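One chain, chain A, links the two complexes that follow: it is found with chain B in the first and with chain C in the second.
Take a look at the complex of A and B:
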């Protein structure tokens, strides 16, 4: 039985900080989202005008679509890549330690630096990508990757999707906790490698996968550097996402009320996505 | 036992509240307010700007501060506080004024379409009217138009700093490679020359669309005034025939820009000119220090010109597009000595000698009248004198169309310019969207 004193001592600081830095600011954000405020002077109450404007604004609609696209790319492209790599490395192939380290290194490099690096790699005139295509006789495939509306979104997603180190290490750690006897017994019963992976390893690490997806959704909802550094949300807003939209409205447009409304929508969207992930996890647990 | 636990809980809660209040009190006691002084010490003035010490105007500002501090030793100390990124600086200043702590002296964009800072901050800002009236020669160093611009409700709310001209820098040696000997004086000739440059494998002009799309909007403004004169646009009138025609020409101009112009920012676009890859850039005087650093033989290879005209009487040749008026605001102080110290600094900074120093060494001409006949210009950079001369000789000036837009419309500008450049919106749609954004965003 937890004593009242313990409750106060253990939970008190967390509750105070949560109230001071999450709950009260969130209430402030919600209140401001119903106002027109230029960051100075009194805020003018305008009802739901900010919200109606948001959903009519093509840039905001693009931001929501792109944020969901990033979540989907994370779940359906990056996560399988993390899982596949973890499954391969867990079997300790030749130079597995080198590959584990090499794949993890980008996870400790600043996202801003990675974004800048890819910005230059995708440069149409001096970039490595077009340079390589030119040198192997594929000049027809060269593009202005970040300036072309048909390629910009996919181009800025590349660094996000291919840097799989953190997810891989998370899965590897979980795989290492699976009793070897289980896999050996399956092997003796005639299960091949694919069957061992699909029927033993992956089900055994499903909680880690769910945790990873929670991380991923949280990261994507906050992710700002790739579109900001590589395209600034362009061309024609095709790479705009929610954090960049909020930033632009607040810092460039001085439209604080509108920025707060976009922030509230981001919080709601994040909560919904988290709910979907948690319901998915519960469904998997119940099977 | 339980009551003791409750008592301790109450004590702990009280301690948290007291600590929080103390922190809040600490934070609210800090902030600006017309300089700070101890009873016997000198007045310290923080000058907040984006004049970082790694650029010429920052170095010149530091030199001026050093000189001023030496002249006022023991009485006034000026300190430069810089933030390199302009939007971040502007946001920071607004926040500080909003919470009642205006910086002592600060540089900001005067936007006639967004006077919220002047409206809500005026009670905490110095009204310069009486100081200007008390010193007629200082007042006379500013144009009446500039002082009228910074007058809000009868108060002079700021001191004009600069309104930089945007002129065309062109690479004479690249022009020569394309067989062009003189800079074009009409837009028809300009586009013919651009075609010739492109045929010679040279990118004709640097443009970009990110941030404020400054190069593109300079070109757009010049194209608009060549069709409709200096009245082609103003704050509430953006949807005009000259603006639509200019948008069509801007779209064409993008076909002569670097491949990465869509999405590129100022650094990328200016580097293209400085690296000798593109032949022209429409930029302010600050580009001169970069040209000096990065381009060999710049005195012979680089020229400065005003934009072409349409060759009719709509626009007088030599008309110049300028940036917005950038001004100095200052926190009002109940302490007369502190307020006087701020006034003394501003008078020193805007004096003819300081202005000449800023224009030559700082490569940043101020808005105060700056004759180029003085000794400061005798040994100045070979591009700065023609730059200032072209500015002084301009028969008319027009502020860049972008500076007539609300901040909300400015925020949407990159996507609109990109849409025009890649062909996803027509010139007519571009102009109507600009007009709509300038009037309807909440």
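Take a look at the complex of A and C:
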């Protein structure tokens, strides 16, 4: 009944784009990751040398470590904050609409601008953070947050961890689909608010939580703005991450083969992390 | 333990903790934004006087200074053109593909999986091949090159959202139209398109916000005012005007104003569009 020609017309554009932006780049990065290439001229085959170099490069190790650190912070700090806020707001406390609206604002502001804002916030002389510490008499706690190797990584993670609006809204949407009778029945059976949350609400939205974590992994693997704008990977690579490493190798160092190898590692790491989350979800669903 | 048996003291503590948590989180979210807004009206000496001091004169001097220092209007225009173009292309292609996939055919599952596979791809890993693709199409340093890339990178999520909406159209409706003699194309234009418009609007909000906010590819694919977006341009306040903080603050405030205003006007739609991104 459906003619092949019609399908080709309707599916064609999307399939062409997917070929151009997924299949072609994937083949390109895999092939060129085994070469030494300056971006122009012929590429020279060098086997796995790029990969052996990568794992010896302290900047790359720092990039891997930081990417995993962000994933962990996302899962163990940001996600619980999102969930807790959603649980509180779903009970519609006083001014709940205000809180929901206010907490969501950062989700509509670009990450670049948020990064720029936090760069200003953490400025040693005019920033709000040191300014506040000074005005409450805690001058000893003031730091050059972004250029001090012991604080830079934590400092650029702050906006990522505290902006919970997006996750909160996703969980709120899910919570609103739970039948009210279920919670009312639990209430009549004597379950208090905590028990209702832990035994009914959270299990009911566990799928959404797993999907949120999947989204978070993708977000962290694409995270470029915070390190690029706030620290440019420094001081001494402590805030380096995978996208910034690829970018620097390509744009600054013209080491395209190395950039490709780092890209391949990013794709593989992403696939592995997502696989772990999906397996975790399947394990939870099967119980 | 029922609510009534919970000791009153415990309940008071729980309530206090709950409110403290909400308030601290909200303060952490709002205060930096308000501080930035306040600081954008100050003069440089006022800025050094302390974070909470009020400016002596509320003037827009920093804002006009920022507009003179950087071609913000050009950046703004480029961002609008790119966001509108890429959103429109993604929506048209996703709707067409999702419609085709409502029909049964041999490779249906494979095509569906292929279009979705992009959801699991960190596109940042592909910056070099994508750069070369745009370069060889002759679109480097143009808004069209950036729009093309955003179309490619947002297609998977656009497809996911729109497919969700298309699946809510009952098969009976399409079948009835076919029995009445409507062709493949007319079912799409007369029945499917009108029905998914609300869904498309929601998808459009999400896609245009994503396109508006992107930095990496915009930065990689443009080096001139004719194609640089607001996200790329706003960084210039950091690199070239580091000395003039108040102007940089004013520039940042102007850059975040459009999306915050859009959110203020359409807050429910925006929230809904974010929530529609697949976690259904």
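As a working rule, the second predicted complex is superposed on the first by the 270 of 287 C-alpha atoms of A that agree within 3 Å, B and C clash if a C-alpha of one lies under 4 Å from a C-alpha of the other, contacts with A are read in each partner's own complex, and residues count from 1 in each chain.
The working rule: a contact is a pair of C-beta atoms (placed from the backbone, for glycine too) under 8 Å apart; a residue touches a chain by one contact, two chains touch by 3 or more.
No experiment lies behind these values; they were computed from the predicted model shown.
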Which partner does A:125 contact after superposing on A: first (chain B), second (chain C), both, neither?
both
First (chain B), second (chain C), both or neither touched by A:18:
second
Applying the document's definition of touch, where does A:105 land relative to chain B and chain C: first, second, both, or neither?
second
May I ask you to decide whether A:65 touches chain B, chain C, both, or neither, giving the answer as first, second, both or neither?
neither
Spot which of chain B and chain C makes contact with more residues of chain A, would you?
C
Does the superposition put A:270 against chain B (first), chain C (second), both, or neither?
second
Partner chain in contact with A:149 - chain B first, chain C second, else both or neither
first
Contacts for A:135 in the overlay, against chain B (first) and chain C (second): which applies, first, second, both or neither?
second
Counting only touches as set out at the top, which of chain B and chain C does A:251 meet: first, second, both, neither?
both
Chain A positions touched by chain B in one structure and by chain C in the second:
3-4, 20, 123, 125, 250-251
Complex contact set, residues of chain B against chain A:
2, 5-6, 8-9, 12, 16, 20, 87-88, 91, 94-95, 97-98, 114, 116-117, 119-121, 209-211, 258-265, 277, 407-408, 410-412, 414-415, 418-419, 421-422, 424-425, 441-442
Give every residue of chain A touching chain B within the complex, in rising order.
3-5, 8, 12, 16, 20, 36, 38-42, 46, 49-50, 53, 59, 123-125, 144, 146-149, 152, 231-237, 240, 248-255, 257-258
Of chain C, residues touching chain A in the complex
1-3, 6, 18, 21-22, 25-26, 28-33, 35-36, 39, 47-48, 50-52, 92-94, 96-97, 99-101, 103-105, 111, 114-115, 117-133, 149, 151-153, 155-156, 159, 184-185, 188, 209, 212-213, 215-216, 220, 230-231, 234-235, 237-238, 245, 248-249, 252, 255-256, 259-260, 262-263, 267, 270-271, 274-275, 277-279
Which residues of chain A touch chain C in the complex?
1-4, 6-7, 9-11, 13-15, 17-18, 20-22, 24-26, 28-29, 32, 81, 84-85, 88-89, 93, 99-113, 116-121, 123, 125-128, 131-132, 134-135, 162-166, 169-170, 172-174, 187, 190, 192-193, 208, 211-212, 215, 218, 221-222, 224-225, 228-229, 242-243, 246-247, 250-251, 256, 259-260, 262-264, 266-267, 270-271, 274
